[in-house]
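What follows is a set of structures to go through.
What follows is a pair of complexes built around chain A, which joins chain B in one and chain C in the other.
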Partner chain A sequence: MDDYLVGVLSNIGIVSFIALSAWLLLLTGEISFGQQAFFAIGAYAAGIATALWGWPLGAALGWSAAIAGGAAVLVGVPTLRLHGLYFAIATLGFAEMVRLLFEQFHYRVMIDGELVGPNGSDGFRGIRYIFENDVGSLQFLALIYLLLAAALAGFMLLERSRLGVAFRMIGEDDTLAALNGLAVARLKILAAGLAGALAGLGGGLYAHLTTYVEPRVFDVMLGVHSLAYGLIGGLGTALGPLLGVVIDIGLLESVRAFAGYRMIVFGGLVAVLLIVRPRGLLDEALVHRIGRLFVRAPPAGP
Partner chain B sequence: MPEVPVLELKDVSKHFGGVRAVDGVDLAVARGEILALIGPNGSGKSTIVNLICGLFPLTAGRIVLDGADISDMPMHARVSGGVARTFQNIRLFGQLTVWQNLWVAQNSGEQRRQGFGRRWFGGSRSARGEVERTLEFFDLAHKSNELAANLAFGEQRRLEFARALSAKPALLLLDEPAAGMNAEEIDQLDNRIRKVRDDGVTILLIEHHMELVMSIADRIAVLNFGRKIAEGTPASVQANPVVREAYLGTPEQV
Partner chain C sequence: MVDLVQNTIDGLMIGSSYGLLALGFTLIFGVMRRLNLSYGPSVMVGAYLGTLVYVQLAAGPLVVLVVTVLGSVLAGLYVERLCFAPMAAGAGVASMVSSFAIWMQLEQAAVLVLPRHTYPFPPLATADPLAFGPFYLRVDGLIMLACALALSAGVQLLLYRSRVGLALRATINNPVAAHLAGIDVRTAVVFAFALASAVGGIAGYLVLATDQQVTPMFGMWATFKGLIAMMIGGLGSIPGAILGGLVLGVVEANSQWYFGPQVRDLLAYVLLFACLVLRPGGLLGEAPSRQQDTGRRGA
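Take a look at the complex of A and B:
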């Protein structure tokens, strides 16, 4: 495989994590413009763990998911009491706050006669784990897709569980969900925590793929894209946000014909889809129709 | 008083700004009875249902369920405490299948006492059998895998009833379940309400369809302008001049 293709595929894989993160919140009816904050927290946490503390990659990735998930729960407790637009604005504000904090974040340690670590707006260079341990770009690509497959398997399990149905109920009508005995606030915080952990894991992978992170990468546009992937791809299945990522990065960003026009085409696509298919390409109705092709016997249930 | 009522409203009021939607209502629903709550439009019937299930807080008074004060409980806790309801305008999860609608609504009280893993990821056989029985009872088994949004109106009404019943309530609040139904459907509804009551569920029924009310209610309470103006057997309420006046107006107004 040539390097360009490996690069594109790696990108698609990593961005898929943050897209899934925003999508999970969409499922529970919340629009978040702030998942890039957890992506950033994961990236810094994992980078610090391997480059400064000498942790192995696996532990660092677990740590990035845990700390981002924990942060998401902490932010979720006050903000998930807000609804709709107010929640969206709160997430946006929080994400910008996190980005600005990383602009000020200095934590440098002398390693092999060199200062390594986050250095404010200059970013965090020297996350060289994959070079030092001879992890090839193909191997890292495999790792990304292995973790992504695990995340998707988790979503498939979720979709078939009561919890997944409960999340969808909350997304459709949270009052009615409460009247079905669901503790809406607690379940929303759980969803926010899971979403934060997913974004954090993606961030951890990102830091090791690019070997350096800088705060400006985690700006609002990343959050807006992550959200848009789910809206384009559809709310019916966890493959929806992935389809969104493939369309944007695989097609618009990577194919030369669209060079320079990516944002115009992307914005237009979002606008058209919101009118024509408000719940995305793979919406619930389509997923349901496809599902019935495979399940013939009527009372199958979950 | 031989037994604690399933539900007791004690001097319950709900004011929206200057509007006294419900004003000092006392009401007790005895175990196993069908109590119909009737009254002209805007008399506060639906507000009372909303107060019982916790949709908004009380202005004054207390609500007691099975002897326990539930006035300040959140909605979901009241469901596991034994209150379930239907809506006047059908309210379902349209993007979920009929099966899913019932599966998660099912038996919330018991579910809450289970561990996290069993409650959310366990797919027990008994849960399955129960959903299937409910579907049979409401003649919806053949629609099990259909999205709720794709059902016909009558089917949606049945699903709404089924969903509320799946929570295994001690008290079921039916808010105009016959609205928009034809004679045959009302007949079936009448039968189902009776069967549910015979299974031990206490029912508070709000209904405009007087034939249905007179046929199945054990007792009737009448509201007008947020106040209770009469309570008693169907016959006594029918004969009550105050009730007639509320519905038909005084001679001068006519």
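Take a look at the complex of A and C:
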């Protein structure tokens, strides 16, 4: 495979994590414009762990998911009673707060005669783990997709579990869910934490792929894109947000013919799709119909 | 102490433009119960057209003002057509997301037409600041403050003393009942959008004429300042919008003076987040009811 293709595929894989993160909250009925905050926290946490503390990559990725998930739980508690646009604006405000805090974040350590670490708005250079340990770009690509496959498998299990049903029920009507005995507050915080951890994991991978992170990457546009992926791709299955990512990054960003018009096409696509297919291309009805094709016909009666 | 007073004066002046942006936001929210995040970018489209006639045709400030306002109104109506008109009632969140998507579209369209990073904008007043003892008042700031107060009073009068305003308020109160009473709700909504975009266009013109330049960042700037000011003041309240704008302006001017620009932006978001968590209704608005936008149902 040529480098360009590997780069595009790596990008698609990493952005899929934050798209899945926003999608999980969509399932529970909340719109978040702020998942990029947890992506940023994960990126910085993983970068600090390998570049400054000398941790192995696996531990650093686990740490990035854990700390981003923890942060998401901490934000989830005060925003719990907000709904709809109030919740959306609160997440947006929080994400911008995080981005501006990283602009102020200095943590420099002398390593091998050179200062390494986050340096405010100049960003965080020298996250060189994959070069120092001879991880090839194909190997790293495999790692991204392995983790993505694990996340997707987790979602498939979730859809078949009581927890998944509970999430969808809360998304449909949280009052009704509470009346049916679901612990809505706890489940919502759990969803927020899981979504934060997913975004954090994606951020950890991102930091190691690019070797360099800077606060302005994690602006609102990243958050809105990741939300839009789920809305385009569909709310019916976890493959929905992936489809959205493939359409945007695989098609619009990578094909030269669209250069300069990407936002015009993408923005128009989102707006039109929200009118004609409000729950995305792969919505619940379509997923259900496809699912029935694979179920064997019931045995004929006597 | 002198610094504090001077900063507060400057803050009130710039805050009045935030208040105008919030006023436009709150008008749309009041009528639609929806948030139009493309509001700032549509004002930016107007401003870009304004700077285009200024740069290409050397138009005077008045022509630039008219073009800016007209351009904002046209872009605002485009957003209404695409993001608000086709959405089912109760699909407020879908409209909000859709307006964010159109934001990217408008921004890129503006950049395609005028690709340089900054373009000049004709100044409003070049007179020296007025001195009062140790304090200075910028002339363009005073014009901005006067315009903000006059426009918000005008909008308040329009809403409460005219038949159009009555129709708008009836629509705000209950669209179905308004329709049954013979009010053309569709026209009322379009009128509210046009009015809000015109107010935004004037605010945008005042801000850019003070800065004397326009950049592609202006759309995001206008949306965020208006949004934060509106949330602080209270969704749907006109006096709240102006008050929220003034509060935001004073906080920003003082924090910039004492802590620098990065802390200024950070504090604005801290204020927004704290306001939403502690008092979602804002200073003068009503607390959100559970019926409004409780999810994406019907979206």
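The definition used in the following text is that the second predicted complex is superposed on the first by the 295 of 302 C-alpha atoms of A that agree within 3 Å, B and C clash if a C-alpha of one lies under 4 Å from a C-alpha of the other, contacts with A are read in each partner's own complex, and residues count from 1 in each chain.
The criterion applied here is as follows: contacts are C-beta pairs under 8 Å (C-beta built on N, C-alpha and C of every residue); 3 or more make two chains touch, one makes a residue touch a chain.
No experiment lies behind these values; they were computed from the predicted model shown.
In the superposition on chain A, contact of A:90 is made with chain C only, not with chain B.
Once chain A of one complex is fitted onto chain A of the other, the partner contacts of A:255 are absent, as it touches neither chain B nor chain C. In the superposed pair of complexes, A:176 makes contact with chain B only, with no contact to chain C.
For chain A, the partner with contacts to more residues, out of chain B and chain C, is C.
By the touch criterion defined above, A:146 lies against neither chain B nor chain C after alignment on the C-alpha atoms of chain A.
Within the superposed three-chain model, A:100 lies in touch with chain C and out of touch with chain B [touch as defined at top]. In the superposed model, A:290 lies in contact with neither chain B nor chain C. Residue contacts after overlaying the shared chain place A:111 against neither chain B nor chain C. Residues 172-173, 175, 279 of chain A lie at the contact with chain B in one complex and at the contact with chain C in the other.
Listing the residues of chain A that touch chain C in their complex gives 26, 29-31, 33, 78-79, 82-86, 88-90, 93-94, 96-97, 100-101, 103-104, 121, 171-175, 220-221, 224, 227-228, 231, 260-264, 266-271, 274-275, 278-279.
Within the complex formed with chain B, the residues of chain A that make contact are 157, 160-163, 165-166, 168-169, 172-173, 175-176, 178-184, 279, 284-285, 288, 292, 295, 298-302. If you check the complex, the residues on chain B that touch chain A are 53, 55, 74-76, 79-80, 84-85, 91-97, 99-100, 103-105, 108-109, 111-112, 119-123, 128, 131-132, 135, 141-142, 144-145, 147, 163, 167.
For chain C in complex with chain A, the residues that touch the partner chain are 34-35, 82-83, 86-87, 91-94, 96-98, 100-109, 112, 220, 224, 227-228, 231, 262-263, 265-266, 269-270, 272-273, 276-277, 280, 288, 290, 292-297, 299.
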